[in-house]
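See below for the structure under consideration.
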Amino acid sequence: MQGNIMAQGVELMIYGMGTVVVFLALLVVATTAMSAFVGRFFAEVQQLPRVRPVPARALETDDPELVAVISAAIHRHRQEK
Amino acid sequence: MQGNIMAQGVELMIYGMGTVVVFLALLVVATTAMSAFVGRFFAEVQQLPRVRPVPARALETDDPELVAVISAAIHRHRQEK
Amino acid sequence: MQGNIMAQGVELMIYGMGTVVVFLALLVVATTAMSAFVGRFFAEVQQLPRVRPVPARALETDDPELVAVISAAIHRHRQEK
Amino acid sequence: MDNLITLWSASGLAQMTFGQAFMMLIGLGLLFLAIRKGFEPLLLVPIGFGGILANIPGAGLAYSAVENAVQGADPAQIVELTRLLGIVAVDSSKELLAAYAAVDSATHLAIHQWALDAGFGNGMLYNFYTVSIASGVAPLVIFMGVGAMTDFGPLLANPKTLFLGAAAQFGIFATVLGAVGLTSVGLMDFSIADAAAIGIIGGADGPTAIYVSSILAPDLLGAIAVAAYSYMALVPMIQPPIMRALTTEAERKIEMVQLRPVSRREKIVFPLVLLILVALLLPDAAPLLGMFCFGNLMKECGVVDRLSDTAQNALINITTIFLGLSVGSKLVADKFLDINTLGILGLGIVAFAIGTASGVLIAKLMNRFGSTPLNPLIGSAGVSAVPMAARVSNKVGLEANPHNFLLMHAMGPNVAGVIGSAVAAGVMISLVGG
Amino acid sequence: MDNLITLWSASGLAQMTFGQAFMMLIGLGLLFLAIRKGFEPLLLVPIGFGGILANIPGAGLAYSAVENAVQGADPAQIVELTRLLGIVAVDSSKELLAAYAAVDSATHLAIHQWALDAGFGNGMLYNFYTVSIASGVAPLVIFMGVGAMTDFGPLLANPKTLFLGAAAQFGIFATVLGAVGLTSVGLMDFSIADAAAIGIIGGADGPTAIYVSSILAPDLLGAIAVAAYSYMALVPMIQPPIMRALTTEAERKIEMVQLRPVSRREKIVFPLVLLILVALLLPDAAPLLGMFCFGNLMKECGVVDRLSDTAQNALINITTIFLGLSVGSKLVADKFLDINTLGILGLGIVAFAIGTASGVLIAKLMNRFGSTPLNPLIGSAGVSAVPMAARVSNKVGLEANPHNFLLMHAMGPNVAGVIGSAVAAGVMISLVGG
Amino acid sequence: MDNLITLWSASGLAQMTFGQAFMMLIGLGLLFLAIRKGFEPLLLVPIGFGGILANIPGAGLAYSAVENAVQGADPAQIVELTRLLGIVAVDSSKELLAAYAAVDSATHLAIHQWALDAGFGNGMLYNFYTVSIASGVAPLVIFMGVGAMTDFGPLLANPKTLFLGAAAQFGIFATVLGAVGLTSVGLMDFSIADAAAIGIIGGADGPTAIYVSSILAPDLLGAIAVAAYSYMALVPMIQPPIMRALTTEAERKIEMVQLRPVSRREKIVFPLVLLILVALLLPDAAPLLGMFCFGNLMKECGVVDRLSDTAQNALINITTIFLGLSVGSKLVADKFLDINTLGILGLGIVAFAIGTASGVLIAKLMNRFGSTPLNPLIGSAGVSAVPMAARVSNKVGLEANPHNFLLMHAMGPNVAGVIGSAVAAGVMISLVGG
């Protein structure tokens, strides 16, 4: 029984460490492939400040007055240009 | 049985839509009455910036030093006027 | 039975109030002793602004760029002195 | 070697079904729509991610201990299960679970204990679902937060717009009719409770739809929530053609009179008036509208700002995370991949369209017979989808008349639509629930 | 037509009792006091609103599944219930529920399952109550947050003021005596546990009162919490006349010596000293004072500021919302409308008055026999009601001597009163609980 | 007089055991390390405080209702308990509890009901533990928050560093071997599940260690968590000597090439790639890595910032408070004071040391056979302990070469170590759990 648990421990080490290495190796492959794929097909114009897309509809009921005021301001600004 | 569920659906529509309309109609009446009542008997001086009454006792143990300092400052300010 | 509950109430008052007073009296003793002990053996240089030790490792993965930038700045600052 | 087999047979690849792979793609698709297209990301990111998690083969994250045990137990344990269920042996897991669903609460408990003793447990997402949705608390807390974010000022300035909020709920009931119609011609298989839950998609209000589904049709909740949030995101595409088709250029140009200022006291009293009306007329709508009014009162009363702030921020955000993941748990393949799901998706968009049309048409009617001018474009805002539908009204109005700002006017029917669909929810729970 | 009857019989108007209508007015009254008069709005807004929700006829929001089933089940189901209870048929719902309260846990579970099988569920507020108050967690979390907001500096600078915090707790025990006295003359009907819970109103500390009531007298919790918070709001009206009556002009003018500065290390060690003392002497006070000390240690230690900030903000706010609604659930008419409630309200104000008087009198005594001057006005702050009572001491002091700032001096007894009433709570739970 | 005896026998002094006193000192010691020495204060302050609370004699805060009843019940009730357990009378509480642990779920429920009927309840900390840790939710929520704080940029710029994160996990499995070795020579008494849970200390990741222990070895959770967080705080002392011993001066001077910029889209897609890989290969790691990826996706996608902010602040803070107190509940004397605890503390530091060494050695290997220069000092960061281990790499590197900033390069293996130990956790749960 005591020898038995030792064997269990060795087994756990072999299969565990093996899985960790295999899994992370696959992750290296997958990540490298993903980066290559994204870089080739979906390249961003880099180094631009990150643009945060405004959520289409936030959970909140926005302040409509604010929206109106801002809309007007943007409008005027564009016309003045 | 299939006709039965159709009938149930029609019933649900009639009673449901009816309730929605009646409920919101009553809400129109109640809201209008409420606004009239508040406007007549509890009119506010309008357009003033909304005053937030300080809660009588906040949950927190306020910083007593701060309170003392502010009290003193207000006191001095009033005397200087 | 009615007299009984009265007796229970009196008992509760005696033991309850007694415990409160004894407990807080012991707390006065313990607090005074603690303050004396701390004042004698662990006196702080008083009135200094409270220093908040930076947690050895915050839960968060700090922004490494920020850390690097700050490290460099501190380094330069020290050298310039 | 045994361990290698254990590891392999425990791996996802060895257990993956076609349905699970497909649903993981659906989950990725929802994430794409949410992140790239901006479709209601606050809900669809957690829902999509939860959908992927739910379909991880072998993990059983979306299943109860009993479901996990039925799939994983050995034959001797299954014999014990059939004994507890009081049935003779059946062929499939599906039949076992159907038999389980039919027994009483005491037997449910006994079988839950059997599953625990057999070494099975609830999946993570199943626990999230139980705590947040099955208990009803998450949609209610979100509704409280929405209440604390809602300004009833435009509605109070023009209470008649409540009728537009009522009109647009016709989309709900027309969809109920559609669902029972599809069933009666044999295309789908919905009960009347299912039909009611599907109809509520037309309410264009996420928490209301989830709340009603969790009571009337928990099995359809995933499809209903996905439909509701997706179509809300699509409001700027669904509504304008209908609005243009049903109005004349002249009507779209109508300018409305400036809204009167609304006093703070009116805003404080309004949620109480609404609450009392609910209490008197429709107690089954009390949890939803009660929490909504509570949130609004906290906001307007001005003396509990720290509670109101928390309801609008930390609390609603925490709840949204778990609500979204829990809804995702209903995207598990063997529940979601069903012909009924297609029916739900189809009926949902019909519901939005009919709601929009009803709102616009009643607005036209009110404009014709009312004393003050009313632009029919604000009628479409009555479907809710706050504040997107109001913005759509504003945008379509600006196209016809660049000086015509309808946003504030459309906010009235917009929040009225929230009340209207909560009332409809109450009626449905009252008539077909329990 | 059946549907119309269903809808009408499900409506509130058809089911409203006089008691429910009255309690809804009470709820509106509490909201009025909270919003308009500033009575402890953080608690009384949720409590008042919860009280209205609890009394919505037909909604059963404040009732357990069993209570809802007893009121709504058909005769055949009731027969089954009496069989489960092992009783012969009884006349009223009240007797059924009394029989239910008397059975053991296994039967409770069986009857809960019976209610679920009959299609009834827990009301929303009942669930909130179970999770937040019956579990004990909400008052403890609030106490942790209060601890994280409390500055023990003034107390540490003058530890003798702890005696004032002790003295003011006499209000608690005098009220216990009053409650059993009213019972022994037959005016009220309180058990000794009820009396202890009522007495704790005199502790002038909301979470402590709710915690003790939830253990010793859950049925009285609504009245006790309402009384505790209302009278705390009334402290500026209740205390000054008593303080003036018991002190001379000369005493009120006494100026106190400036408090010594307290080091950060003392503040860090103090909650640990208090905790150890609790551990050694009064384990039954450990949950309350333990969480309080934990909050205070988080604040003072300076290395877990993000936890301390959360304890003082998001966490305490979320808990307050649910605690308030849960307390409101105890304002349900058939539990609140009782002659005992009047007794509680009457005894509560007596408790505040006696606590104030004891504090002032002991402060006079300490002034007479102590070496350093002590203004008796700070004795009244020993009732807790942080920080209102300390402000009252300051204000009455300023009236007598415009240069006499007592605020900092009164903060010592004020926070001592919090400790004192938590200790009293522990004694009571130890002696009459369980 | 009876009351005086009640009060005295209920006091802590009358019931204190030596073990409890000792554990309270341990709790104070942890607080000292956290507050004065800055040892992981966010966790060790709540854990230390919880440890003190757990050992308050007579309060039973860390015990279940059944444990409290077994210690406090009268002889007649114990007879009833042995009847429910189906055993003949036993000598000690310990044997009763062992018999209780062995029965099935239905009997557990019956005995829980017996305890309730006998007037006993769950302690406060026991409830916290049940809700936060036994359910698995708290470590998962913290992992989600950590995910939302993690920047995978450096890892994506140099994916090979994932091998370093794999290598350092050798500390985990070497420790498993150590634990079973100590058992097989008879010094300790660990099961294989215990050994696996102890090994995970070498993962240097708090939530992972707590999650695994709660599943594989709940009794050892206290010691494991304390060891994990203490040794993480000691990383700046444990690692540098090992790093210096295993590298040459020349190696430590190696400068690495600047990391390439990583696009936002890569960062968004990476958590999904990781999730899919987990789903395909290791479903038992899905809860941990799923929540981690979910947090990271919320952070990177940029459209749910309010959810991401809440996950990083209010939610993780609230969870940390309760997780810490719950871990503290496992410091109760009769569970913690055991020879096995010493074994755990000893094995834990070995695990850290071996993990550090493996990381450095594999980094040397990669440097020798790779095309680009790789400073072996970044290998030690593979143990996780984010971001402390990466800072240690940077610091040791600067000692050898003042112009060599390794911090960014070390962040790659550092976050890879988090993934690596979560994978190891999944393997262990898969192989020895359930």
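We just call them A, B, C, D, E and F in the order they show up, numbering each chain from 1.
As a working rule, contacts are C-beta pairs under 8 Å (C-beta built on N, C-alpha and C of every residue); 3 or more make two chains touch, one makes a residue touch a chain.
No experiment lies behind these values; they were computed from the predicted model shown.
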{"item": "Contact-graph separation of subunit A and subunit F, given in steps at minimum", "value": "1"}
{"item": "Most widely separated chain from subunit D, with each centre as the mean of CA atoms", "value": "C"}
{"item": "Distance between chain centroids, defined by C-alpha means - subunit A, subunit E (Å)", "value": "47"}
{"item": "Separation of subunit B from subunit E, taking each centre as the mean of its C-alpha atoms, in whole Å", "value": "27"}
{"item": "Centroid distance [mean C-alpha coordinates] between subunit E and subunit D, Å", "value": "38"}
{"item": "Approximate Å spacing (C-alpha centroids) for the pair subunit C, subunit E", "value": "26"}
{"item": "Touching two or more other chains - residue numbers and ranges from subunit B", "value": "12, 15, 19, 53, 55"}
{"item": "Contacts with two or more other chains, residues of subunit D listed in rising order", "value": "3, 7, 38, 41-42, 109, 281-282, 302-304, 314, 320, 427, 431"}
{"item": "In the complex, subunit A residues that touch subunit F", "value": "2-3, 5-6, 8-10, 12-13, 15-17, 19-21, 23-28, 30-32, 34-35, 38-39, 42-44, 46-47, 50, 52-53, 55"}
{"item": "Contact footprint of subunit B on subunit D as seen in their complex", "value": "155-156, 159-160, 162-163, 165-166, 169-170, 172-174, 176-177, 179-181, 183-186, 191-192, 195-196, 261-266, 269-270, 273-274, 277, 281-282, 302-305, 416, 419-420, 423-424, 427-428, 431-432"}
{"item": "List of subunit F residues in touch with subunit E within their complex", "value": "3, 6-7, 10-13, 15-16, 24, 28, 31, 34-35, 38, 41-42, 45-46, 49, 52-53, 55-59, 61, 109-110, 112-114, 116-117, 119, 124, 127, 313-314, 317-318, 320-321, 325"}
{"item": "In the complex, subunit E residues that touch subunit F", "value": "104-106, 109, 135-137, 140, 144, 268, 272, 275-276, 278-284, 286-287, 290, 293-294, 297-298, 301-304, 306-307, 309-311, 314-315, 427, 430-431, 434"}
